[in-house]
């Protein structure tokens, strides 16, 4: 119906480098005037977590997941050559040197550019993540919401 | 030609969580009346394996791959926080608690919804998997079959 | 505008098997007369590296990345069951047995079929890779170049 192009990214991965790729594409597409959505599911939800500890009531297993998963974008590791976090530190150093934006800034920029950030409610349940723990401005939906956007999309990616 | 929308997923990964994502999207798209295909290649073929041991004649190396790869959907590990299978057990427990379908049920549901399941014959050869070892109802094809579906597709994903 | 279909693959992964999948799809799509682009970013750039050691001037950290990353397609490991390179050797053996092309040949074939190979300049900077180190015929671009191709694409994949 609409003449606007659209980019729809499923962010499944909880890796720093893959999330960077997702947000660089999203910001690029927004600059090109696409309607852009990042739909985070499974480990990708970690990129939407607030950095501070949010005290919410949850079950034992959900508590365990919460503790084991990185709290927010800057805590995520690399998909490759992570070496217990050393590779991630190296990448961040070279990023600084080359004035590349860290992931948390890329996410902020995406929100400023009105990239729609959607958290998958089904996997939030599984991993025991609650709305209070996720970034302000994040929307909530399931596979139906994703498909409604993506079925008329131009650039659909699973990252 | 056809007015029906289509979703075409390449399932490359042999991870339980990624395969879950693939089948949840596939089932959602089928419910939306898309023509849906899951084309399994490389480690994704493990999701199509029968659980029982099928006795087929094969070479030594093919026998080794057979033994080392998970036999069927429910034996697959997680892409993240697997911890030698512990993470997978945890996920299955929370799935049960939240009444989420296990992968094997998602696959059955896909077959009932007429999602086309295609096994990549080239990688079946490489990994020494034979038709007898894969689920009934699976079709067989190569990259040409995939492209014929995907080039007119709406939601094309590589998982 | 153009009537030709197009396939646009982001190759993010530095795994041998995933890169094989990318180039098999690319070569298939080229045979189907698609305009095909492989845009390599992050670890995917390793598939574009020349095998020989190229002496270029670079910083300490860039030197470290250079040493730690596989030099060229045939040095890349598997995404699964790599076992310190043993799985990769096994796969190469069965590939030979079944007369499947090794990755380096698939890349050569792609170049012969005029698949456009684009290296992501932003991640080249981060990983300290220089043009002299990459295959002849590779083009250079950023996310804008990718989106210009992909926004009218038919088969867009992130691998």
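Going by the order they are written in, the chains are A, B and C; count residues from 1 in each one.
Throughout what follows, a contact is a pair of C-beta atoms (placed from the backbone, for glycine too) under 8 Å apart; a residue touches a chain by one contact, two chains touch by 3 or more.
All values reported here derive from a predicted model rather than from experimental measurement.
> For the two copies chain A and chain C, what is the rotation angle that overlays their Cα atoms, in steps of 5 degrees?
For the C-alpha superposition of chain A onto chain C, the angle is 120 degrees.
> Given that chain A and chain B are copies and touch, would you call their interface same or different according to whether over half of its residue numbers are shared?
Copies use mostly different positions to touch.
> How many Å are there between the centre of chain A and the centre of chain B, using C-alpha atoms for each centre?
25
> Identify all positions of chain B at which a residue touches two or more other chains, and write them in rising order.
156-158
> Which of the residues in chain A end up touching chain B in this complex?
Residues of chain A touching chain B: 10, 12-14, 41-43, 59, 61-62, 64-65, 68-69, 122, 125-128, 142-144, 146-147, 150-153, 156-158.
> Give the list of chain C residues in touch with chain B in this complex.
5, 7, 17-18, 21, 24-25, 28-29, 32, 34, 79-81, 90-91, 93-95, 97-98, 100, 154-159
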